[in-house]
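Chains here go by letter, A, B, C, D and E, matching the order in which they are written, and residues are numbered from 1 within each.
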Amino acid sequence: MVKKIFSWLISPLGWISLLILALIVFSGIIWGINLTQITPEQPIEFPHDRHISFGIQCLYCHQGASRGPVAGLPTQTKCWGCHQQLGITKTSVLLKPLVQAIEKNEPIQWIPVATVPDFVKFNHRPHIAASLNCEACHGDLSKLTIYENPQILNMGWCLDCHVEKAGDDYEKLVKLTDCGTCHY
Amino acid sequence: MAENISLLALFSDLEPAADAIDKLRDLGVAEEQMNVISGVPLNEAMLGRKEQESNVPKLAFAGAITGFLVGSFLAFVTPYWYPVPIQVGRQAIIPGPPTIIVLFEMTMLFLLLATFLGVFLDSFFPYYRPLKYVPEISDGKIAIFFSCPENQKDTMINSMTILGAEKVEVAEAKQL
Amino acid sequence: MAFKNHIEETHGEQHLRQKHLMLDPKPRGEMNAMVMEAMHTTTWKFWVVVALLSAVVLFGLFWSWGILIAEGMGVAGVNRPSYWGIFLVNTVFWIGISHAGTFISAILRVFKAEFRRPFTRAAELMTTFGLIQAGFSIFMHMGRVWRMYWLMPYPNQRLLWPNFHSPLTWDLLAITTYLLSSTMYLYLPLIPDLAMARDRTKGGWQKIFYRVLALGFRGTEGEWKHLRSAMNIFAWAIIPIMFSVHTIVSWDFAVATRPGWNSTIFGPYFIIGALHSGMGAVIMVLAVVRGTMKNMKYFIRPEHFEAIGKLMLIISMGWAYFFFNDFIVQWYGGDKWTQTLLHYHESGPLGYLWFFMLFVNIVIPWSVLWNKRWRSTPWIVFIVGLLINVGMWIERYIIIPISLTINRSPFTWKLYQPGIEIPLGIGTVALFILLYLAASKLIPLIPVWEVQEGQMAHSLKKYGRESVVTVSELE
Amino acid sequence: MKKKISRRDFLKLAGASAATGAALTGCGPSSRFVVREPYTQMPEYALIGESTFYATTCRECAAGCGLIVRTFQGRAIKVEGNKNNPVNLGKTCARGQATLQGLYNPDRVTDPLNQGRRKTLGTDGMNWDDAIKVVSDALANTDPAGIGFLLGMAPDHLFDLVSDLTAGIGAPAPVRYGALSAFEARATLVKAAENVLGQSGLPFFDLANAELTFSFGANFLETWLSPVAYTRGFSKMRKQGKRGYLVQFEPRMSQTGAKADEWIPVRPGTEGMVALALGKLIAESKKQTVPRAFVNVDVKAVAKESDVDEEKLHYLADLFADADRALAIPGGAALGQSNGLGTAEAVLALDALANNFGQPGGVFLSPAAPTEDNVHRPASLQEMAVFINKMNTGEIKTLLIHGVNPVFELPKSLGFEAALKNVPLVISFSTFPDETAILSDYIFPDHHGLESWGYQRVATGTSQSTLSGAQPVVSPFYNTQSTADVLLAASAIAGGKLASVLPFKDEVEYIQAQLIPLIENKDANFNAGEINSFSAYFQQFGGWWTNEAALLAPTQNTLNETLSVESPTYEGEGDFFLVPFVSPVLGEAGANKPSLQEVPDPTTTVMWNSWVEINPETAHEFGIKSGDIIKIVSNVGVIETSAYLYPAIRPDTIAIPFGQGHKAYGRYAAGRGVNPFDLLGLKFNAAGDIAFAGMKVQIIKTGKKFELARMESEIGVYGEGLGEE
Amino acid sequence: MKPIDLNIIGAKGAIAEEAEGKWGMAIDEDLCTGCQACVAACAMENNISFVGEEDAAYGRTMHWIRIERFWEGEYPDVRTTSFQPMLCQQCGHAPCEPVCPVFATVHSQADELNLQVYNRCVGTRYCGNNCPYQVRAFNWRDYERPEPLNNQLNPDVTVRQRGVMEKCTFCIQRIHQAEDTAKSEGRELQDGEFDPACAQACPADAIVFGRVDDPDSKVSQLSRQKRGVKHLEDLATLPRITYLKES
């Protein structure tokens, strides 16, 4: 029995089968990792594209970005400020959670997407101050409903941009690649 | 030209085996058509055969050079991989003495890996298809494999038997 | 008169043949059969031992390790200032054990010490299995073992490579190199014996096992040539590797800015210490193999214990020399912290360990091994070997956790008390023995072809009335 | 600038804030799927992603330090000192730092409870309407004479409110108490000030400008009166032109003693005699005629009784006589003796001799409180004994307790716990499930200090007249209600006289009403024309204080009257003097904060437990080793705890810290350590303070062992296990 | 800023002449009353776990700063040595750095600080061994911080996982924040504009923090005093903290 399996394994068919098996396992792992990266479901299927098409600036809602570390999420009263004037608010299925949240005075439970781990101390302000616009990192939101990360926010991606922005300024490069700039 | 067959002569001692090789040579079997298989390492000189070539030392040397290069890469290149090389304890980015350790270890590792690999390459290991072999060899017998034209088969068998071969037969490739 | 003389001579020859394996040749087939029989003769006792050890490995090693990983280092005894504890003691200990294999199979091979032949494999197995335990111990020691791969050099998006300033990185390189090369060095001379086993196995999974491992080896002139040429390179090249490994391990301590550690003599001191424990371990293994396995009384004879015993005595003297060398330098010129540390070694709460270490590492070997008959007796050398191993383990215990108690910041001094390290340490011992037991049933423990080669090379030659052993240079 | 915000509005403003803290996950990237909740209605002054800072007052002790609390997304993150507050000028002590662990303590009383005097914290929740009804009924249906209010040490708005209430309905005035006031012997100090300085009030010692300071038992760097203020003073004293010199007279080296340049281990209870002897010698050294105050002293006898060499006394007297600005401070254990009042007077007489009354580096009287202050000090233990007696006789029908944990903070021998059984209705307003709260009928939990409004008069510690202000920094975390609101609501429901006494809508309105008189005073840290702006400034600055120093200079000089300090009498039989002291880290109520439990004691570095300090020589004599559990037996009680071989304590003295030994009070406090109050008898000094340092006890080795958790290394610090050198 | 040292054979000879660093502290032992306010403040600011009595007794406290005191003399002339706050000295030539195999503790060239990168740490604890000041704290376990105590966690500081080394950062989050604020307001950072948690809390003003490369800063002036010493100076670790001894 064992012998049979062995002789089958050393045959070309066996090698190929082994290879395929390895591939399946490997892609399974990759898929598992990928699962952790997909965009989560939000309480409200927020259409960024529509809001942008009305000419609303990013900073109108995410106003912390120009000032400090966190861009922040708008309070529902801010949403309500416009939406209470719109007829569609009452009728739209999409907006039901918002109406409910306002009625019950309960916060909307957003799930952050553009996140970095706890050990990365990201600060929006210097990035905005360095005249990066939102699209540079968050992509073109006028084409998206629910926000999705345009790329994996990993250290290599951060570092690439930091090196690029530092250019020939050695002192700036030192500051921008210092471990303590992001990790503490 | 007549078809060649492969014969196997099994000897239990070194002397007859050496004699048999001489005899075979006399009978016109070319040196490269003979092959001696034994359970203990025998010198070529013991059997009066010319020395075998081995690529193992050359490969080992090549491995050592590769290892040195790999070590150099690790020691001299990787510290500069990060945009601004990371400083630790005011030591130089490429510290002297530790570099020697890295170079040494990598050289040795690749030297030995290449040596090991060299045995595999030179001996065509691993090989799991049928081979001409008799298990008695590992009991200390010395086997001479040689090929001769089919019409000389009986001559060969006779002369081998005279020289003290325990067994002379047509060699068959078997699953080991 | 002449008749009597003749009798005496033959008696002398017989005695020599009885004494020396190399002069007591047996047909190869018979030797093969003996080795195969030793491999296949398994009593119920063996399985009891295996079951016990497996239980110890499962609970002592893997279960405890699981707890250690899940709970964190807190379940171990490490604290401030003893950041390193028994894990590192075990690492150094096992690396030390592993040195004996290389010493016997490489250095003795290079210097053509013929008594090595029957037990080179037994010693090499110790190298590989010991290094595996050392690796385990190191990984246990890491606070976040699941990030272990960061120690390896590989390209990554962070653009970060290991820090080659760190002795631990050197350690990693050296131990990897050593583990790989000693495994290869174990495997190469094993191939002909695996082929032998393959030929003598009729079927079943063993047949496939041996066929796969024997790689299709037949024993052609070319194969032997390549094998021997490779083994020659290995024997020479692995010696500096072995030295580098334990020296680098010693540098983990010696490069640190700590009283008692910062010593230039640590390199050779650690190497001799490694050999000390390694030889002790080899002799223990041989005594056990001879005592428990079938047909082994033919292969392993008192002459081997005698020879290793002699080596042990010399190594013990060497160890004493280096110990004293380290001690006097620190004692004489040491700053106040070193002075305190030395004082603490001797008269601290664990001061008895220090004296015990000196007793079993120096007094015992010196007073026992000088006697030829004693050192030829397996059970005596077994006990000596065991004591030396205990002593050497204590030596590392003194160097690591006890020395770590004393630093330049007396406000933090705290004695180390082992926790989960103990089951884990016992687990590594059990795993080592288990691997060895498994190996003894799976691969020929005696390198038959090497023994036969040696027997071919040895003969008795008469000089006048005396029969003298001669060796012809076959290699 | 802030408008007047009523507290209820504030709750809505701060809103249901972020749950970001819920899943902070360490070094793994697993903080990925976290729910993030924005404010429902963002406070107008809050900015997304930016911290908001609130000024408030520290409630960990009664000193009244100003705090600035950093809040982020509705969570209090960090406590920092208020740089403007004249008490602490931006500094804090360890207890103040850990106050957040009280706020977010996992063992708070979360809802109003019908506790029913169970052994453990009840689970019988109520709603607040019922709770207020209970209080209302209690107030309305009890004969006013039978209502007893027991409040914490701090002279705060609640005390004012309750005082108004009780005065209005003819009930007895509320009693304030805290263990700290017993350990400070505040009553004695106040009484001595009255006798010697001619005015009632807490003396203020200008440590900052003193060139030489003799401190008789005053542990001003740890817990005494206003530790942060005195630590600042100490720092200035050391930094001034000529480095200030500090001599500490005490039997057991306190943290203050450790910082002193000289530590004089006097026999407990003889500090006053030493002071008198020094007075005589100083006068002699100054070549003055010895004032009548000191003439009766027999220096030799004092030297013998106090165990201080005559030579040393002469040396110290010369030191004092030669100093330009000499200061003597009485306090702490020196006053907690049968002769404590005499001691305090004798030490203040030294100040009189140094002629430093009202001088820089001298003695002052603390500034008058900015608002009316009826009873300026907490009750002495004798007054507490009277109170407990009233409980026992059934005179008190309803007992309302807030801000104090008398079961823990009173000596066991006073029998408070037993007396509670004789009170038909006990209502606790405790934030935490402390020993007293669980023995109450009801617990109506107050907000934590950081969640509540208020003000607090600063009794001492600053030269300015100060009213420290408090405001909520976060919305209440649990279903708690301000006690002031509960009382106001209860009064309103009860109607009648009760309602008319306190015609206020809520706590904030009451506070504002109290602040109105301050608007007049323009010489203060801020000015405002009307109460709403005033109130806003008051919260913004964290209080109100005068710009100018408002210290009062004492006038009376008592040196012409003969002073005498009788020999101390001790209670109990035993070979050892017992010196209990307040743990400098835990104070009286810090034991439920885990990070504070893990802050090492300054002198012994012990964490998480109690210990008894014994001189190593004595320990050696008794065969006691470090970590041995020792039984300490007094004539009223027995406790067992581990020995700490303390090199700086008299061989005839043992010392035990107060602060541990809780039986309730949350998971971090309960069942940990011992309470030295279990050992104290009922001896009072002339001012009514307990003679807590006047006990004699026996020690017995138990043979058990428990190694204390110490920060220090016994090997490195004491050479333990290093063998014979 | 100096360009990188390209010296292949890493010489250490020149360290004594190295620059004095950027951030530093002066701690006046004459003023330190040992009140432990800094210890508590540090724990609150930096999310430092409490470990419980058993682990605390076994030398596993996680404090980044501790107050050391020893005893001198025999009773009755016994006294403590001056209280000495001991925290990471942010060595210019730190023994802990080179021994880390994964660059988890490195020298920041931008801030001249000794950094501990928690997320890079694999927990070999070599740095802890090699620190002569013994100021590194290891996360022996995932110490429990029961609800709702976690509400107090400072979002500016990483919460550390078990198996990770940590140590004083000179409150680098405050440094960054102050620098960022100054930059956003287009001005230079002022001396004394911000303090680390310990210095901020210290009631006796014993801890002074600032730029040591600015000769006019308060910390530089204090450090120049005659009674200033560096702890374990003979190890040439270039500590950035100057202790002002009792005079």
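Here is the rule we go by: a residue touches a chain if its C-beta (ideal position, glycine included) is under 8 Å from a C-beta of that chain, and two chains touch if they have at least 3 such contacts.
In this text, all values refer to a predicted model and were calculated from it rather than measured experimentally.
*Asks:* Which neighbours do chain A and chain D have in common?
*Replies:* C, E
*Asks:* Closest chain to the overall C-alpha centroid, by per-chain C-alpha centroid: which is it?
*Replies:* If we average C-alpha coordinates per chain, E lands closest to the whole-structure average.
*Asks:* Taking each chain's centre as the mean of its C-alpha atoms, which one ends up farthest from the centre of chain D?
*Replies:* Here the answer is chain B, farthest from chain D.
*Asks:* Applying the document's contact definition, name the chain pair with more C-beta pairs in contact, C-E or A-E.
*Replies:* When the contacts at C-E and A-E are counted, C-E has more.
*Asks:* For chain A and chain C, let me know how many angstrom lie between their CA-based centres, rounded off.
*Replies:* 54
*Asks:* Taking each chain's centre as the mean of its CA atoms, how far is chain B from chain E in angstrom?
*Replies:* About 62 Å separates the centre of chain B from that of chain E.
*Asks:* Please compute the C-alpha centroid of chain C, do the same for chain D, then give the distance between them in whole Å.
*Replies:* Chain centroid spacing, chain C to chain D, equals 66 Å.
*Asks:* Taking each chain's centre as its mean C-alpha position, how far apart are chain B and chain C in Å?
*Replies:* Centre-to-centre distance between chain B and chain C: 29 Å.
*Asks:* Out of chain C, which residues touch more than one other chain, so two or more?
*Replies:* 144, 159-160, 162-163, 165, 212, 409-412, 414
*Asks:* Tell me, which residues of chain A touch at least two other chains?
*Replies:* Expected reply: 117-119, 159, 174, 178-179.
*Asks:* Pull out every residue in chain E that's touching 2 or more other chains.
*Replies:* In chain E, 59, 61, 66, 68, 70, 95, 98, 100, 103, 106, 109, 118-121, 142, 158-159, 161-162, 164 touch at least two other chains.
*Asks:* Who touches whom among the chains?
*Replies:* Every pair of chains in contact is listed here: A-B, A-C, A-D, A-E, B-C, B-E, C-D, C-E, D-E.
*Asks:* What residues on chain E touch chain C, complex-wise?
*Replies:* My answer: residues 55, 58-61, 66, 68, 70, 86, 95, 98-103, 120-126, 128-130, 132-134, 136-142, 161-165, 232, 235.
*Asks:* Note which residues of chain A are touching chain D in the complex, please.
*Replies:* Residues 36, 40, 62-64, 67-77, 101, 105-112, 115, 117-119, 124 of chain A touch chain D in their complex.
*Asks:* For the complex, give me every residue of chain D touching chain A.
*Replies:* That would be residues 15-16, 24-42, 47-50 of chain D.
*Asks:* Show me the residue ranges of chain E that touch chain A in the complex, using the header's touch definition.
*Replies:* By the definition above, chain E touches chain A via 1, 3, 103, 106, 108-111, 113, 115, 117-120, 156-159, 169, 172-173, 176, 180, 183-184.
*Asks:* Tell me, which parts of chain A touch chain C in their complex?
*Replies:* These residues of chain A touch chain C: 2-3, 6, 154-157, 159.
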